[in-house]
Every structure is written in C-alpha cells, then in structure tokens.
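A short worksheet on the structure shown next.
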Amino acid sequence: MNPDLHLWLIPLIPLAGFLVNGLLGRKFPKPVVTAVALMGSLLPLLWVSNVVLKFGSLTLPHVETLCTWIRAGAFHADFTLQLDQLTLVMLCVITGVGFLIHVYSVGYMAEEEGYWRFFAYLNLFLFFMLTLVLAENFLLMFVGWEGVGLASYLLIGFYYTKDSAANAGKKAFIVNRIGDFGFLLAMFLLIAHFGTLSFSEVFGRIGADPAMQGGVLTAVALFLVLGAAGKSAQIPLYVWLPDAMEGPTPVSALIHAATMVTAGVYMIARTHVIFDRSPYALAVVAIIGTATAFFAATIGMAQTDIKRVLAYSTVSQLGYMFLGCGVAAYAAGIFHLVTHAFFKALLFLAAGSVIHAVGGEQDMRRMGGLRKKIPVTFWTMTAAVFAISGFPPLSGFVSKDEILYQAFISPNSAGKVLWAVGLLTAGLTSFYMFRLWYMTFFGERRGGAADATAFLDDRGAAVHARRDTKLTAVAEEPSAHAHLVHESPWVMLGPLIILAILSVIGGFMAWPEALGGSNWFGHWLSPVFAGSANGAGAGSVQLQLELAGVSTLVALAGWFAAYLMYFANPALPGRITARMHALYSLVANKYWVDEIYGVLIVTPVLFIARYILGALIDRGVIDGGTLAAGYSAQGLGALVARIQSGNIRSYAGWLALFAALLLAASYFGWTAHFWMR
Amino acid sequence: MHLALFLFFGAMCVAGALNLLLQRHPINSALSLIVVMSSLAVLYLLLGAEFLAAAQVIVYSGAIMVLFTFVIMLLNAGREVRTHGSKLAYAAGFPGAAILLGLLAFIFLSHRGEFAQAKLGEYLVTTGDLSQVLFTKLLLPFEVTSVLILIAILGAVALARKEH
Amino acid sequence: MTVPIAYYLVLAAILFSIGVAAFLIKRNIITIFMSIELMLNAVNLTFVAFAHQWHQVSGQIFVFFVMVVAAAEAAVGLAIIIAVFRARNTLNVDQIDLMKL
Amino acid sequence: MLNDSILTLITLVPMAGAIIVALLPRKGRVIPAFTLLVTLLTFVLSLHLPAHFDYSQHGFQFEENRSWITSPMIFYHLGIDGLSLWLVLLTTFLGPIGVLVSWRAIEQRTKEFYFLFLLQQTAMIGVFVSLDLFLYYGFWELSLVPMAILIAMFGRERGRQAALKFFLYTFIPSALFLVAILWLYAKTGTFDFVTLQTKLAAGGLAPQALWWVSLAFLFAFAVKVPVFPLHGWLGSVIEEAPTAMAMVVAGKLGLYSIFRFNLGLFPAQSRAIAPLMIVLAVIGILYGALVALVQSDMRRLVAYAILSNLSFCILGIFSFALTGLNGAVFQTINEGISGGALLVLIAFLYERYGSFDMSEYGGLAARLPMLATLWVLTTLALIGLPLFNGFVGEFLVLSGSFPVHPKWVAAATVGVILSASYMLRMAQRIFYGQPSSLVSGRPHLDLGAREQLTLWPMVVLMLVMGVASTYWINGIERGVLKLSDAPAQQFHQLQSYNVWSTPVSSGGAR
Amino acid sequence: MSDALRILPEIVLTVGGIVVMLADAMPAKASSRKPLGWLAALFAIGALAASLWQYQLPAGTAYYGVVQVDAFSVFFHVVIAGIVLAALLITLDAVTDATEGLGELFALILFGAVGMMLMTSAVELLLVFVALEISSISTYIMAGFRRRSAKSTESALKYFLLGSFATSFFLYGIALVFGATGTTRIGEIAGAIAKAVGGGHVSPLLYIGVAMIVIGLSFKVSAAPFHVWTPDVYEGAPSPVVALMSTAPKVAAFAVLLRIAFGAFPLLEAHWVPVLWWLAVASMTIGNLGALRQRSVKRMLAYSSIAHAGYLLVAFTALSAEGVAAASFYAVSYAAMNVGIFAIVSHAGGYDDRLTLIDDFRGLAWRSPLLGGAMGFFLISLIGIPFTGGFFGKFYVFTAAVHSGLIWLAIIGLVNSGIAAFYYLRVATAVFSRPAEASPVMAVPRATLPLLLALFLTVAATLILGIAPGGVLAGARAAAATYPSVSAPAPAAQSASR
C-alpha cells in the first residue's frame, strides 16, 4: 500500500502561480511576480525530489485517482495520475530544467514589457507539461498535450506586435493541431476497441491477448506517430519549430528544446506496448527519426542565425530519439531525451547569453572573437558543444552511442542502414556545432557597434515590443550593450554552469557495460519497458566498443572539417559554396519545404474555400437558389396579374369562358374524384 | 297556330337581340331591346302568364327602357367607337358564349322528352291566383323588396346628386 | 297543336347567350347594361316556361320579383353610369381601366 | 408545491413582464432595468429545476397537464426531462445577458425592443417545455415572430431583407410540418407527445406515410438548426440581427426538436435517414470551417463557425450512440454559450470602433487587455481545447460516432484543425501586430463593469463545463438513453467493425 | 308575432336605417353628420344583441317557411352584426364632417346588413335572391361613394356591371333548378332530388343549375377564376367600405353557399365537390401569387382575400360536419382580422386613400407603436401564426381536409400559406423598419375613439379566437349540426383511412 503522494500538487502549484500572475500580475511589482513565478517552479521541484526520496519504497506504478472528468454511457475518463520510473525521469527533467530556466529568465527578461505575462505563461506551460507526463490515460495526456501547445503558442507570440512572431505562433499551433488530429483518431480507435482510454486497462487488455498483432494496433500506432511527429517536430511536421525561435530565448530553451518537443518521444515510450505489437509502426518511427535527423542536420550546416542552427539541431536530435524508440530501445531514447535536455537547454541559454551580450545580434557572421569577452558563457557553451558532438565521456556521447548501437544490432532489416545514416548525421552534427563555436567565439569580431544598432531591427522582437509600448528608455538599452560586449549577470550564468556540469557528467548515469559501466539508467527503467521483445538484439561488448570508436572518429572528423573551414582558412567556405552553388542554395533555403507546403496545401485550400465554396456554392447555388425561387414565384405572380387587364369586357370574357367550362365540366362530370385524395 | 306565333315572336326576339348587338348607336340598341321585350310579353301570353305580360310591357318596356333612353339623352351618348381595349373579350368570351349556348341547347333538346308540351290556354294564371301566393307564402320577400327599393332610391340620390 | 317547352328554353338560351355576347362586344356602358337586362329577360322566359310546365305560380312570381329588382338595378346602375360619366367624361368602357394588374 | 407550477411560471413570467413593459413609461433606463429584473427572476426560478430534478429517473418531470381545447383534443401539457432540462436553463441564462448586451446598443424604441425580447423568451422556453404537439407547434411558430420583427426593426441596413429571408426559410417548411402534425392527429387522435410515442411504437400506421411525416418534421427542424444546404438564412441574419437575437437564433431549438420528435417519435425512420444526415453533417463541418477561413467580416465568420459547430451536433445525433447523443446535447449548450460570447465580444468591439471588418483592426491586445483575454478564452473554448466545454462536446460526439462511421468521422475530425485556423486568424488580425489606423484613431477604453458582468459568467461557465462535465451529463444521459441504440447493439458494432478490414487478431499489416 | 321575433335583427336594422335616413333629411343644425354614425352604431349593437338573443329561440321557420332561424343562421347573424358595427366605427374614424352623403352612407350600411342577414336565414331561393340583391346593390353604391374620384366610380361601375352579369347566371341557375324540381324551397328541392335519385333518374338540368348557382355565388365570394373584379373594386372603393364589403357580403354569400349546397344538393355531392376542389385550389394559388407583386396595400389585401376564400372552400370540400364548422369558424376569424387591418389602412390612408403603396406604410410602428403593433398583429394572424384567430381558422380547415383524406389539398393549401407569408411580411417588415425622413406615415393622425373601439373589437376577437376558440367553435359546430346530411362521415372519411 503506497503512501499518499499528493501527486496532484505537482501540476497544480504552477497552475496556481499562473492564476496569480495572470490575474493580478499586471498590478504586482516585479519582485512579487518573480517570487510567485519562481515558487511556481521551485515547489514542484521540491515536491518531486520528495517523491524521489520516497520512490524506492513504492510499488509501481503508483496511481492516484482524483475524480471523474467525462462520463457518458459506458465510457469514462478520470483525472487520474500515475507515477513510475518513466514519469519520474520526465518529472525530474521538467521541474529541474524548468526551474533553472525560470531563474535564467529572471535575468534575461528583466527589462521586458509584460514580464508578468511571460512568467504566467511559463508557469502555465509547466502545469500542462507536468499533467502530460503524470496522466494515467490518453485523454488526460491529451489535455497536457494540447495545453503545452497553447503555452507555446502564447510564448512564441509573446512579442505580439511583431507579425513574424504572431505568424510563427499560429503556425506552431496549427501544425501541432494536425498532429493532434492523429492523436484524436488514435483515441477514437482505442475507445472503439477497448471502450476505455486508461493506460493500465488498454495495455492490460493488449498484454492479455498475445494474438493481438498489427491490424488496428498498427492503425493506432501510426496515428500516434502522426501526433508525436507534430509535437516533436519530425518529418513532415517539423516546419513549425525553426519559426518558433521568434519566441524569447528561454522559451526556446525550455519548450522548444528541453521539454515540450520531447513529449512525442515520451508518448511513444509510454505507449510502447502498442508499438511493440506493430513492427510496421516501429519501422516507420525509426525511419522518420533517422530521416529527420539527417535532413535537419544538413539544413543546420547552412544556417547563419545562431538560434536557427540550434533549432535544426534540436529537430535532428529528436530524430535520434525517434530512432531509439523505433528500434525499441526506449530506454536509450529516453536517456538521450534527458541528456539532450541538459546540453540543448544549455546551448540555447548560452546562445541567449551571447545574444544578450552582443545586444540582440543573432547572425553568427556578425559575431566572433567573443571568447575573451564572455568567458563563462564560452566555457559552458564549449561543454555543451562537445557533449552534443558526442565526445566521450560527455553525456551526448553515451546516449547517442547507445542509440546507434541499438540500431546496429536491432533485428530490423534496415538496422544497419539506419546506423550508417545516424553515424553520418553525428558527423554533420559535430561539424555544424563546431562551426557555430568557431564563428561565435573565435577569430575577429565581425559585427561592430555601428552595425549592431543597425541590426536591431532584424532582431526586432523586443525592440518593436518596446517601441510601441513606449519604453524608450529600454529601447536604448540594447544599443548601449552594443559597443561594450559584457558578460551576463550571474542569475543567468548560474543555470549555465549547473547545466554545463550536468552535460558533462550526465552520461555516467548510463555508462555502458562495454566501458565498464553498468547502464544503471537502462536497468532502472527496464520495468517500464518490460516485455518489449524487439529490443533484445544480439550484441556484444566487443562490437559496442568498435562502434563507439567509429563514432568518436566521425565526431573528430566533423570537428576537423569545421576547424579547417571556419578557423584555419575562413575563405574556404565561400569557395566551396561557390563550387556547388545549387546544392548550397537548396540547403540554405531549407529545401524550400515551407514554400512547397504553401503551394501544395495552403494556397489550394484557401482558393477552394474562397472561390469554390464561398463564391460558387454559398453565394451562387444557395443564395442564388433562394433568389431564384423568389423570382420565379414573383414571375408567376406577374402572370396571374396579367389577367387583371383592368378592362371590364375582358373580365366578362373571362367569366363567360370559365362559367361555360365549369358548366360543361360539372355536366359531363369531367372532374374525377379519386385522385384528389 | 301556337307554333307559328311562337316562331314569329321568337324570331322577333332574336332579331331584336341581334340588332341590339349590331347597332352602333345606344338609342337604336335601346329601341331594339324594347322590341325584344314586347315580343317576350307576347310569348308570356302564349304561356298563360297574362299578368306578367302586362307587367313586362309596363315595367320593362315602359319604365325601365324609358329610364335608359332618358339617360342616353341626358348624357347625349353618341355612336360608340369600336375601340380595341380587349382581345380577351373575343378570345375567351365568344368561345364561352358559344359553349354556353351549345351546351344549354344540347341539353334542352336532347332531353326534350322530359319537358311538357305547352298548349295554348291550357294553363292560365290570373292576377288573383298570383296575388294569392304573393301575399301569403311570399309575403316576406315582397316586404323585403321595399328595402331594396329604398336602397335604390338612396343610392340614386347619393350618386347622381347634383354637384355643389 | 302544341309547342314543346324545350323550344322556349332554347329560345331563352339563345337570348341569354346573345346577351352575354353583347356584354362582350358593346363599348357603350349603357348598352352593356342593356345586354344585362337582355340576359335577365332570357332568364324570365325560362322561369315562365317552367312555371307552365310545372303549373307552378311561384315561377311567375319569381319573374315578377326579377322585374322589380331589375328596376331597382336600373335606377342604381344608371346613377352609377352618370357618376362615372361626370368623373371621366366618357361612356366607352375600354377607357375605364384606371385600375389594373 | 412549487414543482407543480414551476414550468408555467418560468414560461409565463417573461410574458407577464412583456405586458408590464408595454405599460411602463418611456424614460431613462426604466425599461431595460425592469427587463433585466424579469429575466433574472426567470433565471432564478429556472434554477429550481436542476435543484429538484430527480436524476435517477427517465420520464418527464414537473409535469402539468390541463385540458385546453376540447375539440380537437389539445392539452396544456408541460414537462421536462434530462434532454430539455439544461436547454431551458441555457435559455433563461442567456436572457439577462441579452438584456445587458442590448443595454447601450438599443437606444430608440426600447419599449418595443424589450417587449418583443421577453416575448421571444417565452416562446423559446415554451418550445422546450411543451409536451403537447400542438402547444409545441404554437410556441415554435411564435418564436419566429418577435425574432423577425426585431431583425426588421433594429437590424442594420439590410435588416428588412434579412427578416424576410429568415421568416420564409423557417415558415415554409413548418407549413409542411403542420400537415404532418395534422395527419398524425387524424390517424392517432392525439397531440400528446407521450401518448403519440406509445401509439407510434405500437405501429399499425402506413409506413410509407410515416416516412413522409418524419421527413416533414426533419425538414422543418433542419432548416432551423441549420443543416448544411439549408443554411442560406444564417449568414444574413447573424449579420443583421441585434446581438441579443443573433445569440439565440440558431441551434438549440432545431436540435432539441430533432431529438425530441425525430428520434423520439420516428426512431426507425431517423435511422433510415441517418446516413444522409451524417454526410451532410460532415460536409457542414468542413464547409463551414473552410468558408469561415476566408471571411473578413467577423459576423459572417461567426455565422459559418456556428454552422460548422452545429454540424457536430447533427453528427452526434445521427450516430445514435449514447456517447454521441450526450455529446450532441452538451455541444448544443456549448454552442449557445461560446458562440453567444463571441457575438457579444464582437458587438463590444463594434460599439468601440464601429467596424465588423477584421482587416481594419490590429494591435488591440495592448489596448484592451481584458477584452483580449476574454476573447482568447472564448476562442479556446470554440476550438475545443481540453478543459474547456467545447472539447468535451466535440470529443464525445466524435468518439461516440466514430465506431459507427469511422471514415466520415475521421473526415469530420479535420474540422478540429480548421477551426483552430480560422479562430486564431481572427484573433491575430484583431489583437496582434501594429495598431491599425482605425484603432489608433480612437480612445481605447477596456471593458466596463456592465460588459464584464455580461461576459464573465459565460467564460466561467465554459471552464466549469469543461472540467465538471459530469454534472451536466448526468441529466442529459437520462434524457437521451432511450433514444440511443441498445448498448448490446453498440457492443455488436464494436465487434463487427474494423479499420483496415483485416481482422483485429491477424498477423498485422505488413 | 313569433314570426317577427325570428327576423328581429333585420327589423332592428331596417328601423335603424329608416331613422338614420330621416334624421339625415332633417334640415338645419346638421353641421356634422357624425352623430348619425353613432346612432347607426347603436342600432347595430341592437341587432347584435337581438341576434345573440335569438340563440335561445327554438330552431324553426317563419313567414310560411321562407326564413329559417337555426343555430346556423344565428351564428352568421352575430358575425354580420359584429362586422357592421366595426365597419360603422371605422367609417366614423375615417370620414370628416366635410364628407358628403354621410347620412346615406350610414343608412346604406344598415340596409345592406338587412340583406346580408336575410341571406343567411332564407330557405326560399326567391328570398335569397332578393336579399342577395339588397346586399349587392348597397355595396355597389357604397363602392362608388366617393363619386368625384375617378377610381371610386370606376370600381363601382366594374362591381355593378360584373356583379349583375354574375347575378344573371345565379338567377339562371335557380330557374333551371326550379325547372328540374318545380319548387324554389330549399327543403323541397332536397326532397325532390331525393325522390329523383331514388327513382334512378336525375334531371340534367340540376347539374348545370347547381353549377350556375355555384358560379354566381363564387363570384360574390370572389373565388378564382371568378375573382377578376376583386382587386380593382377594392382598390377604388373607400377603405372603410372595403372593410365592410370584403367581409360581410362574403360571409353571407358563404352562408348561402353552405345552406344551398348542404341543404338542397347534398345528394349531388359528386357533381359539385370536384368543382369546389378546383375553385379552392385556383383561389388559393391565384390569390397568393397575384398578391406577391402588388405594391398597393389594398390591392394586396384584395388578392389575399381571394386566397382566403380559397381556404374557406377547402373546408367545404372536406364535405363533413367538421368541414362546415371549420368553414364557419374560418369565416369569423377571417372577418375579424380583415376588418381589423382595414381599420388601420383606412385610418392611415384616410377616407380618400392618402397612403396606398406598401412603402408608404414604412415606419408606421415607429410613428405610432399602437397602430404598427396592431397592424403587425393582424398580419401575423393573416399569415396564420399560432395564438391568433387566423391560425386556428387554418388549423381547423386543414384538420377537416386531412380528416377527409384530402392530403393534397392540405399540402397545396399550407404551401400556399407559406407563399402568402412572403407578401404579408413585406408589409410587416415595412411597417416595422425605420421610416425615411419626411415619409408620409409621419403625417398619420393619432388614433381616434371610434378607431380604438374598432381595434379593440377586432384585436380582442382575433386574440380570443386564437387562445380560447372553444366558444366560437361550439357555435360553429352547432351551426354545422343543422345539416344532418353531412353530419354522417362523408365518403371521403373512409377513403382517408387507407
């Protein structure tokens, strides 16, 4: 019998924070807002750690039912929370990283108009994200699922006076809706077949019937993948994530790197029971993941906006996680999720610190030589770069290698191919990360004070926000920064350092046996993924060592290439791009995917809506039909009125004729009776 | 004898009626209508309605037609011009009238047998018999006609009253 | 030597139809009114004929009433005609079609 | 005991109020204030219903049954069940809100306006509570009149045409509807709903004729809802009508009637026509959403949004699944609240800036934060975000009808994407970006006390209904249980149905 | 003496007419003739009272069986008395002291009423004929009462000429029936026909006789295709007169039609019912379609009255006691709402029709909510919205039709009433929409006492008929019960249960 953990407190505290700030924040002085917001993220963290302490003594999964939410006929969905290892991992990541980013934002957003609004939204996000991972049934999970979408919509559009931000927010929400469409259909199928959405019942029923393979489960799984692809920005629905960078940098770090975008991975892991029964769906997941990883990495190589590089790298890393799940190495996927949360959050925050330092500049071509000026940022960033590029023994190395290894040994026929592409992607990753590293911190400062101000408008967001909210004093601030590049305040650096440490040592949680570790993390998670047979590939310590070596070499190669092109010989990139210009422009323009979607989907839909449905059918057929009916009646009316010539003799003639006819009729009995009835 | 009289005066009637129809000047029409009515009076006699014959001559040919001619004089109505205000009158009316005539004639003749034969002097109604019924069984209608007359007077006065 | 009632009826029908035709043809209001009188007379003849057939006085009395009514109608009708003439200064029925459709 | 006369009270209090309004002096805000009182009183009275409603039984409650006209046998028979319970509440709830919205909007001829307004209330409540077919028809027709007159009298430039269109669209079908009623009476000799139900269930009537009768019923109701091809009146009415009327013109009356009569009296015929209705519903959902996507006049957008949302109800109704039926009723209530709230918001915008063209707006978020907040909340409710009422309704409808018509429902679910698109588009046009010339020209005053009083109840209700839906469903389910297919049958459907037409327990789809 | 009692209302009215006539003739002090109107109204009330009093007379005939006082006749007496009263009030409201011939007008109204009442109680075709002529001639005269106006005189002429034309058909019909049966008493005719049918040979004269009578009467009730005179005449005649002649003579004519059809020719049903079926369909359709395009309110109402005649004929065709009752009821409700709406039209337009077009009425409700509201109310009743007399009228009529299995007739009729809604609404929406600046309605005078009284009468009647029709319906049923021949379910009834 488990002790009562009051899990519901974990999501509800941030909700309270949101309500307080959201309703009263406008009136509050800044410190109060800050306090409320930090409480809204710190208290859940403390509560989670409290749970962690009790965790050992729990019988899992631990379930808490609060009350019924929806009940109709046989169907019912409750507010039910559950706790198991997987949930706990997510809880730790969300609350931990979440809290750090809250702290960071206190510094980063200090001057922003709508400070209170920002933190209210941030707390709201935490609420929904925690609901998502704590949910014990699909429907409640969907609450969080849609909710985080809402929060991200609000935060991306935080600088609402800026059209690009507004559009980005709308795009994110609608694209996510496409994913939700899949999620909904998956739920409908589950209801149709199991009459319930509770994880335990659905998975129990599936587990109880080993004969149940593929078929409907494949359908469910594929719809779920659609949902996951939307949330986790995988092909074909990844397009919203790069645009989402319109939001403030902490948002990018928290929502679009560390937590929300990983919800898709979490969902697949959570519902692995279904995927296990559908190798087909699993293959789809793996392929999508790998393709996305590679595809995004290539785009990442050609980006010049520091945040966009990170955005594509996020997409790419998420691809790895999908790959992990796709080869049924859920633990590996989740572990990469964790490490990625560390170093990618770190990267974003550090980038934010850089941007902060150079007064709102985001274009790497105008940076450089910042190494000395902002050392802390530099060193933390360096740690992150090495981690993501997969240099042992950093966290990224461990998690990514595990995934590649699992892919290699997976019974999946395409396993080797997946592994190869993954490996190549790893090289690309290390290339574009070091490219970023060099362009930002080494060489000479390319963007001067003068142009820094000139580029304020590109950076736009905050500045526009300020302009029209008439905070001229603040508007001056970034240009003030521009000519003396300076390190960020400690409230921002603190989180950087913590995350840096985590990125460095995080790997040891799952240090593979091959290297004398025990993969504690994997074993600890295994109860959750018990019975996913596909996972057990035939591997060996030897093989894992070899693969690790290979990937390390690939990473080094990527670093070396970057070194050549962006440090040793800066002219080189220009020549190369000139040489294969077509390819370069293709990549630099992100394969024109947005444009293609525009031409293939958006434009036709709008055209049909406006001209076919709106004009032709609605105005034409329906309104027209009404009018036609009206006019035809009027026409008949005119005919009838024609009788009324006003001439007495005509009238008399009329009378005479019909009198005669009527006489004849009634005499000969022409008007038969029967059909009148 | 009876048949001859009938045919003669019947022909008179029809001729008068047609003349009424053909004449262009209202006076002529009026005169031809008098002819019709007088000959009808004779036919009434043949059918043994002596009081009606008298009334016909006095009331119709006398009073009413005089009134007509008087009005014609008053408004000195001239020859009517054959304006073409109505095609329907011909297009619909004449067929109508024709069908009417055809139908009635057809019925009357085809069922000739069901009707009695009119024999001269076989059935004579004296004013006495008439008043017998008129003042007993049909007293109320007789009284009511007085209201009708009143209305007629009122109306004539109200409508034709002199301008002022 | 007799005449079938049917002949009288047919004669009446002829007169009636001529009356109708006259109503349709004549343009002068007064004449049109005359044609109505003609129709009434035709009806009267029918009544008398039937009265003879059934040996029923009421038929003849009916005719008597028709005459009275006709007289009243004549009075009123001619008054109306006079009013119309005063208002429109014409007796041509084709020109009296102010109100139509 | 209040229970015996409560329905009469609720129905006639507005009428009495109307008569008093007609006698009140025309000065100051006497009349609106009094009307507000009357509507509030009605609402309070109606609260008696859920409080004393017996959620454990299916039949009609609070019944009143007196003889009204002896020949033909017409009874003054009132009563509600779980189906009508919340619709009555919805109507009385929207009463005061309608008054508050019109408070400033109607300045001239207030007496006439509020007189007719109260008359409308009576008519609508009457429709929901009357159980005698004749009485029902009476209220049904009566509900047209004040509506049409108000549109003509207080509508905007083309109000007259709109009123005409609205009236004819609804009146001509209800003429056929009347023939159907008369036929039923001729055959069964009763107008009483309950008796009629039993007699029809007993059978014995010419099926062919019954089929036509049910069609006549359905046609009249479908126009009133409106269902897809019959929505010609909706746009112009929403455009022209005063807000208080636009809020109540569509949806609940027609949908309730379909529930009560088509499903209640002609179960077999309704099931026969169901495929067609499902298709129309799905078309309606997508069609409305798509057309809404390209509107720039806010009211027209709302009109098509309403069409789209109401089609969800139709979908749920003709799935005959218990969940779907529950969802349909719930969604009907949602539509009344959320759609109404949106119209109110638009009206308030118009009172400030005098334009319905969203492209003229922009950047209002900073100027009218409260309005913006409420707008966003309403938007979220309308696009069916979980924890809002809209989600519960849509989810129940879709999940309930999915097993019956998987492919069509899948298509309908696309509406979820589209609704988000057009609602967010409107919000963005109005609140995001730089302030437009129209906006920056005017002084910007945020919602006042009266306006907040109008909106908050609705918004709060949206959230409460989204979280504590069971409270409503409890009643609704009692009402719709007998209308749904037998649970056994549902189970059968679950078994027999399959997505990829490969048996559930086969070797998978590879 | 008892005979006199059976025609008491007629006597009262006759006396009243004479009194008014004489008073009018009184020279001097007669600056204003309006008091005469009030005097006439008093007599009308007297007649109303007398008619109501007659309810407690045992049914029976008088004057050698030429008049028969029964539930049927009394019912219509009451209706006509009521209409006349309202019409007098409307006239009082519309006319001015300057209006010429007021005395004659009031007297004529009363005298005309005598004829109409007698029509409903006469069972001797001769009396029917005379009474019919009384009512017709008086209306001819009234139609042309604005003798300086070209339109008024023209309408009088048209009405007169065509009316006499139709009368001669009616008369011919009587003649032929007389020829076939040898009598002009309705009862005896029925007997003779019964004998003939029993004998197996029915004289063909009867068929066309009936047909001609139907023609004559359908002209009087302006049923299509014998409606042609209606629009012109209504348009030209003074509005108060139209209020009277669009209702009272029609109601009377319908009473006669009912009396003759069910009293004399029930056995020839197979020959005249189909005719009526066609007349009904034609009237409804032509009336409503014709009204669609009208721009003048009075013309529009003329067409609508044609349509309403059609609805009434539907009840006829049902050929059952229920149908007769429905017809009687419909007559009442039609009279109430039509008189009412003409009250407003004549008030707004005045005796000499200042407002004629529908658009002239634009904004009446804004000018005077009372008038506008009342007009709206009557229009709603004409459309047939529940809780008004118009609705119950239609309701009973079509119930009767459906009961007799005339589904098609019911559908046609109700679809027609749907079309009808369109043109009524054009007026209604005009009345309620905002008036243009300086539009004619703004000159509409305030309601006078007689108008208020008239409106009260009509609105109350329409409303009571709409909410508690029980009383009137009982009367109508009693009236229907006077025809035992139809009280038995008509052959239609069985065929309905197919």
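Labels A, B, C, D and E are assigned to the chains in the order they are written; within every chain, residues are numbered from 1.
Rule of thumb we're sticking to: a contact is a pair of C-beta atoms (placed from the backbone, for glycine too) under 8 Å apart; a residue touches a chain by one contact, two chains touch by 3 or more.
Note that the structure is a prediction, hence the values are computed from the model and not measured.
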item	value
For subunit B and subunit D, chains touching each	A, E
Touching both subunit A and subunit E (chains)	B, C, D
Most widely separated chain from subunit C, with each centre as the mean of CA atoms	A
Maximum centroid distance from subunit D, chain identifier (CA atoms)	B
Highest C-beta pair count, chain pair	B-C
Chain whose Cα mean lies nearest the overall Cα mean	D
Centroid distance [mean C-alpha coordinates] between subunit E and subunit D, Å	43
Rounded Å distance, subunit C centre to subunit E centre (Cα mean)	26
Subunit A and subunit C: spacing of chain centres that average the CA atoms, whole Å	97
Geometric centre distance via CA averages, subunit D-subunit C, whole Å	66
Sequence positions of subunit C contacting 2 or more other chains	9, 16, 19-20, 23-25, 27, 32-33, 49, 53, 58, 61, 65, 69, 72-73, 76, 79-81, 83, 86, 93-94, 96-100
Overlap residues in subunit A, where contacts from two or more other chains coincide	641, 644-650, 652-656, 658-659, 663, 667
Multi-partner residues of subunit B (each touching 2 or more other chains)	85-86, 89-90, 93-94, 96-98, 100, 103-104, 107, 111, 137-138, 141, 145, 148, 151-152, 155, 158-159
Which chain pairs touch, all of them	A-B, A-C, A-D, A-E, B-C, B-E, C-E, D-E
Of all residues in subunit E, those that touch subunit A in their complex	157-158, 161-162, 165-166, 169, 204, 207-208, 210-212, 214-215, 219, 225-226, 228-229, 231-232, 270-275, 277-278, 286, 289-294, 404-409, 419, 422, 492, 495-496
Residue ranges of subunit E touching subunit D (in the complex, touch as defined)	365-366, 369, 373, 376, 380, 383, 385-387, 391, 395, 398-399, 402-403, 407, 410-411, 414-415, 417-419, 421-422, 425-426, 428-430, 432-434, 468-470, 473, 477, 496, 498
Subunit A residues within the subunit D interface of the complex	26, 68-75, 139, 142-143, 146-147, 150, 153, 157, 160-163, 165-167, 170, 173-174, 177-178, 180-181, 184-185, 187-189, 191-193, 195, 209, 211-219, 277-280, 468-469, 605-606, 608-610, 613-614, 617-618, 622-623, 625-626
Residue numbers on subunit B that touch subunit C, as the complex places them	1-3, 6, 10, 13-14, 17-18, 20-21, 26, 29-30, 33, 36-37, 40, 43-44, 46-49, 51-52, 55-56, 59-60, 63-64, 67-68, 71-72, 74-75, 77, 80-86, 89-90, 93-94, 96-98, 100-101, 104-105, 108-109, 111-112, 115-120, 123, 125, 129-130, 132-134, 137-138, 141, 145, 148-149, 151-153, 155-156, 158-160, 163
Residue numbers on subunit D that touch subunit A, as the complex places them	165, 169, 229, 231-232, 235, 287, 290-291, 293-295, 321-323, 326-327, 363, 365-366, 369, 380, 385-387, 392, 395-396, 398-400, 402-403, 406, 409-410, 413-414, 416-417, 420-421, 424-425, 428, 431-435, 467, 469-470, 473, 477, 484, 487, 490, 494, 497-500, 502-510
